[in-house]
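Got a structure here, written out as structure tokens. Questions coming.
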Amino acid sequence: MYDIRGLNEECGVFGIWNHPHAATLTYMALHSLQHRGQEGAGIVCSNGESLFGARGMGLLTEAISDAQLESLQGFQNAIGHVRYATTGASEIANVQPFLFKHSKGDLGLAHNGNLTNAVQIRHALESEGSVFQTTSDSEVLAHLLIRGKSPNIKTNQKAALNQVKGAFSCVMLNTNQLAAVRDNNGVRPLMLGEVDGAYCVASETCAFQAIGATYIRDIEPGELITFSGENDIDYDYYSTNINHNMCSMEYVYFARPDSEFHKHSIYNVRKALGKKLASEMGIEADIVIGVPDSSLQAAKGFSEYTGIPNEQGLLKNRYIGRTFITPDQSVREKQVRMKHSPIRDVIEGKRVVVIDDSIVRGTTSKYIVKALKSAGAKEVHMGISSPPLVDPCYYGIDVSTHAELMAAQHTVEEMKEMIGADSLTYLSVEGMHEVFREFDSKGECDACFTGNYPIEIVDHQLPEVKELKRRGV
Amino acid sequence: MYDIRGLNEECGVFGIWNHPHAATLTYMALHSLQHRGQEGAGIVCSNGESLFGARGMGLLTEAISDAQLESLQGFQNAIGHVRYATTGASEIANVQPFLFKHSKGDLGLAHNGNLTNAVQIRHALESEGSVFQTTSDSEVLAHLLIRGKSPNIKTNQKAALNQVKGAFSCVMLNTNQLAAVRDNNGVRPLMLGEVDGAYCVASETCAFQAIGATYIRDIEPGELITFSGENDIDYDYYSTNINHNMCSMEYVYFARPDSEFHKHSIYNVRKALGKKLASEMGIEADIVIGVPDSSLQAAKGFSEYTGIPNEQGLLKNRYIGRTFITPDQSVREKQVRMKHSPIRDVIEGKRVVVIDDSIVRGTTSKYIVKALKSAGAKEVHMGISSPPLVDPCYYGIDVSTHAELMAAQHTVEEMKEMIGADSLTYLSVEGMHEVFREFDSKGECDACFTGNYPIEIVDHQLPEVKELKRRGV
Amino acid sequence: MYDIRGLNEECGVFGIWNHPHAATLTYMALHSLQHRGQEGAGIVCSNGESLFGARGMGLLTEAISDAQLESLQGFQNAIGHVRYATTGASEIANVQPFLFKHSKGDLGLAHNGNLTNAVQIRHALESEGSVFQTTSDSEVLAHLLIRGKSPNIKTNQKAALNQVKGAFSCVMLNTNQLAAVRDNNGVRPLMLGEVDGAYCVASETCAFQAIGATYIRDIEPGELITFSGENDIDYDYYSTNINHNMCSMEYVYFARPDSEFHKHSIYNVRKALGKKLASEMGIEADIVIGVPDSSLQAAKGFSEYTGIPNEQGLLKNRYIGRTFITPDQSVREKQVRMKHSPIRDVIEGKRVVVIDDSIVRGTTSKYIVKALKSAGAKEVHMGISSPPLVDPCYYGIDVSTHAELMAAQHTVEEMKEMIGADSLTYLSVEGMHEVFREFDSKGECDACFTGNYPIEIVDHQLPEVKELKRRGV
Amino acid sequence: MYDIRGLNEECGVFGIWNHPHAATLTYMALHSLQHRGQEGAGIVCSNGESLFGARGMGLLTEAISDAQLESLQGFQNAIGHVRYATTGASEIANVQPFLFKHSKGDLGLAHNGNLTNAVQIRHALESEGSVFQTTSDSEVLAHLLIRGKSPNIKTNQKAALNQVKGAFSCVMLNTNQLAAVRDNNGVRPLMLGEVDGAYCVASETCAFQAIGATYIRDIEPGELITFSGENDIDYDYYSTNINHNMCSMEYVYFARPDSEFHKHSIYNVRKALGKKLASEMGIEADIVIGVPDSSLQAAKGFSEYTGIPNEQGLLKNRYIGRTFITPDQSVREKQVRMKHSPIRDVIEGKRVVVIDDSIVRGTTSKYIVKALKSAGAKEVHMGISSPPLVDPCYYGIDVSTHAELMAAQHTVEEMKEMIGADSLTYLSVEGMHEVFREFDSKGECDACFTGNYPIEIVDHQLPEVKELKRRGV
């Protein structure tokens, strides 16, 4: 029996068609998308006849050696992938892009998101003789793509895409075509760009900036864009059943602040979330600080709305690497100090508002309140620039069980006590949506805040998956 | 289009059922089989429910870390594989045992040999929707095994095995069964043993010695033995069409001298090959030396037959590792000296017979004759303890084209000149077979010496494979 | 002839006496001091009888393995060092702490700073028979310490310290004593702390925060503090000739913002530098942004003084690792984009003030102005929160020749043109000193801004050093 | 207090003067000397002005990367060193050649052997102010060399060499001279050669063979040869007090069989040792086998003398690397099988003579007898081709205490019982010397067999060394 670890990943993808430095630009683009995944990275290239790839574990610079990158020079087409560091056993077999060998032509696939009916389809494929080497949902999609019977590759792609449910922003490299597709709910971002006359796609626009590409526009939910020939681009949709369920957490936490959705920078969205939180929170304080790096903008917005001065009262150590293991409890307690440190004479004697983007298990929040108080803060009020995380995500984010979520187990009042803060305020769900709409979003998934899942979670109705969950796997 | 590199591999396999230290014994056994493959190694274990594996590139000690081996403790069943270092690009994806995930149960597969109709079957499977991640023929066999429709696993195994042609000695680990099979021509060896009351199988008996196991007997061509339950063993055949075509080169070169086939040590077989060569060669000389390590026994046999003293006149450097690359020709010429060195005062002034097991490209032979002459040898007569290599092997040995084979391009007389020897004598094909029969062999493949291929090379009739060959790929 | 590369290093030191987790706390402290040096790291421990050490190249987590750290458990006394990544060849032999073996007792030494008469002393020692294994000035100090003839270790320490000139903050571990000393000009910082009843010293107070230690006070210029016995502390001075020449660049750039000098956080000092710059600059603009990370505070101070809104308009990629080398010019030009990226809709259409702490070669400044303009900035005014860097430092900072310094070669007006900014303003030398004095500094070295070197550069008068300089070594 | 671990090392050295590929040839030579040391390796080169080096831990191919070797191209003069893998903690600081920096000129030093008055000299030097970074006796010699006051470098070398006692074969690289010296007792070998018109020296002649050099002659005890200018060679002696105490174990065990001492191959010396043993042993048996690899020649000689057939009845696994650690006793017992394995049908039913070169702790001997008996040997008679090892070596071999030596603790009869052999016979001391003399040796050290130490062990009279020994350090 295979497990369902594939359900909880967050990744970054990139693709480029007909550029003389395809592999190098893909490498640079993946470097800028590294925040979306640090477990592994890979590049698959094509020379129009065959596909070749390199992939490895760890950060991009560890995963792909200079010699490997060198070996991919001279190919005009490429896709790339960075993979999220999920906890537990990680295996090279799971690192993407996947590369499949077929007499009709090779296929490279890089996928961000999560399919919600992968187990169901896999059952069906296995009963027809298919054989799988990983537990990844992406391998299921690849099988569907390759099994297509039509001589027309796009016909096969549409057929395959219409069978899968869930969240997916994918790039698919064939010998004579590159395709980019975003699921018809538009959960994960996917962007279209152009560099030196060649088209490219990326999970975020920061990748365009990294390679000097122009950001053309967001790829729409259900849209299937294919590149072929010298510069031929074909705009199409694989589905007419379009919804707008962009992941709220992409806005709140995942995306890089200099990335843009709908031509608006995430930087400004996060400032606006901070302003909205300020408008709902109504607090008196001396300074407001953000937890670095992801909450600095919300803190700035909070400050602008309230007039409370914004200070950089917490520092993050830039050299966090693997930490050593010590059996001594007194040393372990000191270890948490290695990540964040407060600036005493900014904090001392002040009523502090500290802004964070979310609370998952509450461990960091507890440490931060304690650190601020021991640095002399008179009061510590915590503001969260998103609503309480109460439900798991099945669309590609690694928060999979209620048990892990502090807000799923406790009231906000209880959480405040546990964290040790003088007050704890979350942004409202309505407030959050209002902000997104100001920035031209057409609709967002808020399932992790509300339990309203916009896409059916088919696999979770399967008896064996229920059994796995019952057993706590 | 996939290539056909899979055609030329030599490997070692091991399997053990229901032993408390299954993974550790597999590790030790693979260590003793390391001479059969240095490119990669892996172990797949089972706890009766799921399969888990570890594999890596390089020698066993590099491929599998202590931590990985530790993580495989507590499993009772295991298979392992060492993979041959073929030239050119090698990829982690090709390292075995393969591990396939399936809702009906996982499958681990380790394969030594080469299928001759893998491309044909692959075409058929692809047309039915199968998807492949490597170009390996072993992946084809795995697909056939998993696609079996019968609820009886052995029925499926027999059906799959009857579809493939070629050379294969395989171990297949299912959640509740371990199967060992040898192809019905018996090209590659496979041995049955027992340790601490648990059954085990291995490519060579040296693996049994390494783990303190008893060597029960050789597994027969076409035999399919399955282990299950606590100690249940089931002897069966997947085919009634049995032939005896044991690879001659296993006797001549591949197997370790302390390994036994049909209860006879390879050591004694090789001595007998040397004796037979001596009986055919008829030469006068002062000393006979063997090229270390594989030809020392043949030289000893030669000496015993002729009475010419046997000396260890050539030494092999034990610390050969990766060699550095130098652009300077004069330095490159010196580099070959790093591998073998003659002992001057053993050689000086002597008429020397030097015995080697085979000549592939002739490079080493040339160097050895030159080294012996420069150490003062009066005459150098080269004797080869097997017939001339004139045809490629399609059953698992890495000699794939006529162009690479000196004896396919030149007469023995020409070779003698090129090598610089005073004479060059090969063992006759008949002489070789006679020796094997003395040691209870029931028949051997001699295709690489005669072109008589006992198993049809199906794939080589396929148009695209012909095309690849035409283009010299 | 030895070279003089030792002249240009910046490092971090730590020491702790009589704590059960001495090595582990040293490791954690060095982790927090990693910004002071990334080329190598080491720890030397003592059990009261002998000294043992571990050191390696690279970041702390690479330099010292878990196994090495484990091997240092059980020792009560320790010193540690992180070493700056100077360009060019780096060698393990140069990584500190140095460990010297002597029959009178071992000596461990970790040094931050640079001696200005090391070559002169070395000549004298060599003529008396001393032998050196590195070109490091620190090895010279160690020789002086060990050659002391007095049975009283502090007498020898004082004698040695009085012979050397230059900048040094050192920790010296003997078998029965730990000594911490700061040169009598107080160029490099050195702080005294206490944790769990044990004394410790560190280059910066952020190390105290990392291990939960209390910051007692700054060690004074010329002060020599020794720790021995269980908790014995001895306050002394090795010199009565005290000057106050704290390195201005420690305030401006080197120290971590959460570190404190004279009980004031660098964070607040840098904000004040930004305010002072604003008071001198007098500019109209729409937004002010800081170059991350070191100039964010100055930008904030600038904003507070002028009322111009402060935005985080430039982002820094957190995953900068080694970069690959590409022969293609068009790709190389894209590569600089990988480090910093502007946020378009923050910048677009705005008159931007961008604050940086210093300009060395001008490369980064050029890129930043260009990036801001291409992101739509209407005007870009650059403000530098320190005076122009016109002279090299001989006291431990890696800016060694006039040729490297843009401001030593060009007027501010020329630099403005070269950088492409609409204006370029530096903080005045007087303004800078005023700010430091507000934060209780008693005097600073400003040699790199003025050429007024407070400590004699003895070695630069030596003929062979002049010759080296003439030849451009 | 420093320890005395430096007393027990065995190493290999090489030097070459004025060859365009000095570093590469040194690398190749060290590769052939790898059997003399596997702990670390290094090369120091000179361009006539300065010295540059590269060194590292492990085998040569691990210790020196291709890039490092590349960086040493273009230098004409070089020395190299391989270092023995002593047990326990090993440190990069101890890897040679040592490189010392001095204003009068750099010095590189590579040393094979052991000084017996290093501690005494070190005390004296320390009292004069010298500072040491290792506990190595070689560092002491370097200090003496550098402290020389004469403007004539050879005068200084002679003065230094006359101060040290013990065993040393050294190469010393100065900027304008390479010197090779062998101690006046001639304990360790040192050979003179020539390649492409350039002179070279090496611990063994196998290094000459590896680089295509001609073996000129053995360097004599007390001889000091210096190379300078283009091809100037100066033959001299540093001492007139010459003795001939070549280490017997070099003949018996250390040197490679293809190396030559006094123009005789070690191969033939070892055969003669086997013959002499046979003449003294007088045994009836069916076969004689040697323990691979070092005892194969002695077994061959034994066979020639007695007429008992020589078979290769024991195999050595060529892929021994690091072994894993297992807590399970039953697995540990199996592990010893991984190193040697008997060939059953060679051994079965036979009376076996097994020849080994020496017995240290007896562990291997016990396993071999057991393995041969379990392979069916009727009798196992063990013959040792050297006398019993009863005393430690102070001249460079890693056998340092009586407690480790089985023969120092037990009679031969007791040893026979412990090992499980049917008989155990050692070569006599006289017999051994007779053999060496047949091969033109002028005299040998037999201290480890007789306790007759030809060179005074000065340091062992020092109180602190006695104290260390008393405490069992």
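For reference, chains read A, B, C and D in written order, and residue numbers begin at 1 within each chain.
The rule we apply is simple: a residue touches a chain if its C-beta (ideal position, glycine included) is under 8 Å from a C-beta of that chain, and two chains touch if they have at least 3 such contacts.
Quantities reported herein were computed from a predicted structural model and do not represent experimental measurements.
Asks: What are the mutual neighbours of subunit C and subunit D in this structure?
Replies: The shared contacts of subunit C and subunit D amount to nothing, since no chain touches both.
Asks: Using the average of all C-alpha atoms in each chain as its centre, how far is it in Å between subunit A and subunit D?
Replies: Once rounded, the distance between the two centres reads 60 Å.
Asks: For subunit B versus subunit D, what separation do you get between their C-alpha means, in angstrom?
Replies: Inter-chain centre distance comes to 37 Å.
Asks: All pairs of touching chains, please: list them by chain label.
Replies: By the stated definition, chains touch in these pairs: A-B, A-C, B-D, C-D.
Asks: What does subunit D use to touch subunit C in their complex?
Replies: Subunit D reaches subunit C through residues 1-2, 49-50, 92-93, 98-105, 122-123, 125-126, 128-135, 142-143, 146-147, 464.
Asks: How about subunit D: which of its residues touch subunit B in the complex?
Replies: Listed in rising order, the residues of subunit D that touch subunit B are 21, 24-25, 27-28, 31-32, 34-35, 38, 59-62, 66, 69, 196, 206, 209-212, 256-258, 260, 263-265, 267-268, 293, 296-297, 300, 304, 309, 311-312, 315, 317-319, 321-322, 324-326, 328, 330-331, 333-335, 337-338, 341-346.
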